[in-house]
Amino acid sequence: MELNPVIEMLGRKLRLAIIGGGPGSFIGGVHRMAARMDNRYDLVTGVFSSDPLRSRRAAQAYGVEPQRACSDVTEMLDAESGRPDGADVVAIMTPNDTHHTYATAALDHGLDVICDKPLANTLEEARQLYNRVRQSGLVFCLTHNYTGYPMVRQARAMVEAGDLGHIRMLQVEYVQGGKARPLQREPGAALPWRFDPSRGGPSVVMGDIGSHAHNLLRYITGLEVAQVAAEMGHIVPDRDIDDYAGALLRLSNGARGSFWVTQAAAGVENCLKIRVCGSAGTLEWWQEFPQRLTFRPLDGRVQTCTPNGPGSLPLSRRACRIVSGHPEGFPEAFANLYSDAAEAIAARRSAAQPDPLALTFPTALDGLKGVEFVEAARQSSQSNGAWVALS
Amino acid sequence: MELNPVIEMLGRKLRLAIIGGGPGSFIGGVHRMAARMDNRYDLVTGVFSSDPLRSRRAAQAYGVEPQRACSDVTEMLDAESGRPDGADVVAIMTPNDTHHTYATAALDHGLDVICDKPLANTLEEARQLYNRVRQSGLVFCLTHNYTGYPMVRQARAMVEAGDLGHIRMLQVEYVQGGKARPLQREPGAALPWRFDPSRGGPSVVMGDIGSHAHNLLRYITGLEVAQVAAEMGHIVPDRDIDDYAGALLRLSNGARGSFWVTQAAAGVENCLKIRVCGSAGTLEWWQEFPQRLTFRPLDGRVQTCTPNGPGSLPLSRRACRIVSGHPEGFPEAFANLYSDAAEAIAARRSAAQPDPLALTFPTALDGLKGVEFVEAARQSSQSNGAWVALS
Amino acid sequence: MELNPVIEMLGRKLRLAIIGGGPGSFIGGVHRMAARMDNRYDLVTGVFSSDPLRSRRAAQAYGVEPQRACSDVTEMLDAESGRPDGADVVAIMTPNDTHHTYATAALDHGLDVICDKPLANTLEEARQLYNRVRQSGLVFCLTHNYTGYPMVRQARAMVEAGDLGHIRMLQVEYVQGGKARPLQREPGAALPWRFDPSRGGPSVVMGDIGSHAHNLLRYITGLEVAQVAAEMGHIVPDRDIDDYAGALLRLSNGARGSFWVTQAAAGVENCLKIRVCGSAGTLEWWQEFPQRLTFRPLDGRVQTCTPNGPGSLPLSRRACRIVSGHPEGFPEAFANLYSDAAEAIAARRSAAQPDPLALTFPTALDGLKGVEFVEAARQSSQSNGAWVALS
Amino acid sequence: MELNPVIEMLGRKLRLAIIGGGPGSFIGGVHRMAARMDNRYDLVTGVFSSDPLRSRRAAQAYGVEPQRACSDVTEMLDAESGRPDGADVVAIMTPNDTHHTYATAALDHGLDVICDKPLANTLEEARQLYNRVRQSGLVFCLTHNYTGYPMVRQARAMVEAGDLGHIRMLQVEYVQGGKARPLQREPGAALPWRFDPSRGGPSVVMGDIGSHAHNLLRYITGLEVAQVAAEMGHIVPDRDIDDYAGALLRLSNGARGSFWVTQAAAGVENCLKIRVCGSAGTLEWWQEFPQRLTFRPLDGRVQTCTPNGPGSLPLSRRACRIVSGHPEGFPEAFANLYSDAAEAIAARRSAAQPDPLALTFPTALDGLKGVEFVEAARQSSQSNGAWVALS
């Protein structure tokens, strides 16, 4: 049984510059692992912290050559642009309010971009960035990483193949416990950025995880949210930020949906779940057991799909590195976005046609849709739960 | 290890009259099993069908003495009232629109009542019946049978014991696939009563299963729904009745909730699920695996509660007949309501004090709350999802 | 959806006499529930305890008419034989060493028998009783109750239908924790009978649960154990009885198997599991979640069978009382043996042909096979694990 | 939340040479991913195939500099020894019969070794290699990769902490379906090496997966197998190699065990399971859901341990890269061995004291124990299942 030939690097590795993700950042380590996983990227430079000393120390630890360690984003982008072996692509993993600025700068330097979600904190910034990406012709990969799981891709492929028939209903929930505990900080210490609306965005729970839930339902079903009736707020008393959001959904094809996200559910780890019901069957997926996709056909026994297992469709199969029964996880799902982006970038550079199956990764358009959804939900929440149409 | 001494009959059995539940009725067989389970009832008479011949045949099959088989409810109640060994209690399992009439008649004859949910199809009838019950001083048990599961009772007891701290959020879903398939009937055949709003009530999905979901969250948390923002409708084109309902909830203590019920989810069997999140931990229960209750404490490892297992609280323990590891199921949960009602009735008759733990079964008040909830949700749904307060 | 028409009583109920199962007996309550479940038996008499006073009190509690309450088995059998409305069938739930005596006495009085497993403590007694049953032409149902679960019957039916192809391997385990704790008893108190080899039999763990595991594999596969290599003993120091037994198996068709049973696994409730592997697929069933049967076809996705769910075969379907998604449990599985036995008895009495699907309940022959297996395993264990052939 | 600081490379990366694992090899890709995962290795050279052309092509694809691509192991080792920047460590992933030769050669060149299991096909080779390693003072890591899972390490740490009390019993099974299908090959084609006993070893199922099962039980419990009674053979007719092995075990502390491995279970993916029962509780772990470890205390509710979840012990915590709820998988577990080995090698080279928690990876001694176990089982199997003591 051969490893998925798509996966492991066969040509020149892409030169990667990183913005953010230094020591203390959970997501920084994940990005770097994802970049290394399939041997398609070389980390060549980075600004890993807004503190110059911390940034340089991190650069050294991560194996960046000393002369390429930077402490300023513009300086880095300029320097790389001037080198024959300059960075090909910039990965951005800074707080939400800076995605727009750094991504625009990278695009302005002609670099492809991999960027953490959400795309931006405001609708205006999101639209600007989306338009900028479109004009540039560059690759922009937004790391809605849950779309990288093989079983999420299998779900999408089964919907596309018509296995569910006409989609009628869906339920999506993303429930975490990370903010169930009152915030504890030293007297005088700054708020963590995620507790500060000016940095974390107008609705932190929506930016953090609601955007994932929204993107996941779009990725699997191919439907858009047409209207939303929502309530957002906080249920733990010590804060000014949203820690839950509930909504009812009307989808673009007339289907109906339920949406529930929170970070204040004591003891819950990372429960992202989706159920999609069609006229011919129902799909269920749960991130904490990502290697199982349940299919309940209208007629016939419940089926369990597994990575590389029987009935795997091509979109799912190419997202697997190992034979069935050997669980891949969150890092591999994340890496699938990096590797798909690498394939898209390589094709763009060589003016070749990429494998269409590589092109399902979320883009700036998906990010814009996400910000629009958050805005519509916020508007509904402020209008006594009235249904609000998305543009 | 001794069987739960509460469970098996120790005194005179109650004489049971049944209205409804003849051949072709799923729930009729369940009621009769529940009545037999703990040896506390003797079925002595019944009107099992509106068709006299079918009714008499059923009576014979179920072991009713021929001279006590009836085909008319009033006739039966009158006859039983005239006998020294007349029925003690009437169990009603007819279509929803008749609960009010039959229950009122039974109460008028001085008989205790066990009645299928929902209490009534209209708010007016529900209020009348609730008041009638209150005036009568008789026992009225509404068979929201899911409250009979040992792990649901354990959940309630844990909430009461403060194991969850302050309750902040909950999610409840009741998803079935029974109406996912377009209705198939012979040309000229009548609609099944559940597809006929005049009999099944203003929102069939809410009467059928939404009322269970609503009652379950109240039973476990002790909270009331204070406000609801909802949408109800049908997603399968061939019908005039609701087949889904979604809602956001504001609970009486300020907690927030999500509510989703449907009978149109292809391939799903009987997925009633609830998650209750408090400041100190989260509980999760799933009817398809009713023997497991998951407790996620804010601090400490996830725990699994099992019937009669370690950490069982008295309310849960008395609902178990067998030692841990030997699954009881839906019939036993249903029987727990019958046996609790028997205990309440026996106490009423002897003017004794019943065990308070026997008195958690749903009553007419719970039924009234359920009808109020359905009405408020309907009003919200017709008002563009506006928040509607419950009286 | 109609209740399974097989299930609920349609003719005269059988008159049941009980030996054993008084207060303090777990299994006694289970037998009585099982007898009541489907309305096919009336408990008319019984000797519920070797203590006459306890026996009479129990009789009263269980609803036996005072004049039929007994304290001696022979007296009871004689009295019932002399009545025109005497007992039809005797259910025996006494300690293992008495099954032979009481069952023989019941057969001698021309009564059908329902008897707890194991059939007997010794091979000699088992053979005598088996022969006595055969000569009598009476019905003898041995309550290996796990064969009553719908999903176990589905497994048997799928094997019979050839869904697994040629059976190659199986694994069965029955792991409990009930004897993990050192025995605690008052000074001078008698040993519980299960800790006394003269009453509980030569290998208590094998009599208690090993016999179930052995019967389960035979019931599902239709194969016999041809040879066994075993070790039996105790791993908790405070006892003289076996608390574990492990074995390798060679089946009658050449298949191979693994067998492991213990009652000393701390914290485990009642983990009876079986996996059967054939050339065309594998089946897995777990008693603690009895409503799921996993089928892993050689080609194709894993399937989950549920009671009354898609793909249910007739043998399974007739063992279900309720629609899919409403879990039945251990009491209903037990009741399936009682109801099958009732059907066999009714057929015998009317010289009618019973439904062949009613005739899968374990009989004296199955009990004899079980005792032979225990004896062969014991012989192997005493011969340094040498393979021992079963007669 | 900071990434585990142990994990990501902070000093010079180790220079890695690889033997085997070219295109077509499943395990080769896994090794390379594992080496990349934590940034601690640079692949500098390798002989990836016995076919020189395939080897050079693979080298290019994997990013080896052309001048360092080799087609002969000795040549490669000699060349690397002569370079100032020569390889530090050799990873071997060739068929089982060559491990001894290549590992010995690497040790002879003073290189640390990472080697696929089993250590060798024969006891004699295993002893030689173990002694050679001991004399060399070099690091030798045997990739029994399942020991790298955080929950397996948590299990070991809980046993060490005494959470289970005295260990009494264990069950281990490793069930796969990869050889359930008759072997299909072109006329005249060579047997795959795993179907050829001269290459795959005396018992392929034991070498492939039995050695993992044996190592897992030793890793978690710290016990040795003292005696074994076994049967090994093949149940699918078309082969000369073992495709199943069953055994009963007596452990070094008197505990008892059950062991079952097969590759002929149709439809099963990769089911490695272990249950360890002690006087104070029971642990259960299942490779297909590696993120859950179930602990059943003698007193108290069942607990579920998760990676980085509440109650994680240090040995487990350092094996996690990401916060709880974000599943890591098989590649990360494999990588944990590579990273632990890197830490041990770095410490050896600098004569520093490594973190003792880094030193649980399997070594040549573990490999020798594994080969001894296979030999003893084979001897028992050939002696009618007699108990055989391990040296």
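By written order: A, B, C and D. Residues from 1 in each chain.
Throughout what follows, contacts are C-beta pairs under 8 Å (C-beta built on N, C-alpha and C of every residue); 3 or more make two chains touch, one makes a residue touch a chain.
No experiment lies behind these values; they were computed from the predicted model shown.
Common neighbours of subunit C and subunit D, listed by label, are A, B.
By number of C-beta pairs in contact, A-B leads over the other of A-B and B-D. Centre-to-centre separation of subunit A and subunit D, using mean CA positions: 34 Å.
Here the spacing of subunit B and subunit D, counted between their Cα centres, is 55 Å. Rounded to whole angstrom units, the spacing between the C-alpha centres of subunit A and subunit B is 43.
Among the residues of subunit C, those touching two or more other chains are numbered 295, 297, 302, 306, 309. If you check the complex, the residues on subunit A that touch subunit D are 1-3, 7-10, 13, 23-26, 28-30, 32-33, 36-39, 61-63, 176, 268-271, 287-291, 306, 309, 321-332.
Partner subunit D is touched in their complex by these residues of subunit C: 165, 168-169, 171, 173, 175, 177, 180-181, 229-231, 233, 235-236, 244, 246-248, 254-258, 260, 262, 264-268, 275, 277-282, 295-298, 302, 380, 384-387. If you check the complex, the residues on subunit D that touch subunit B are 295, 297, 299-306, 309-311.
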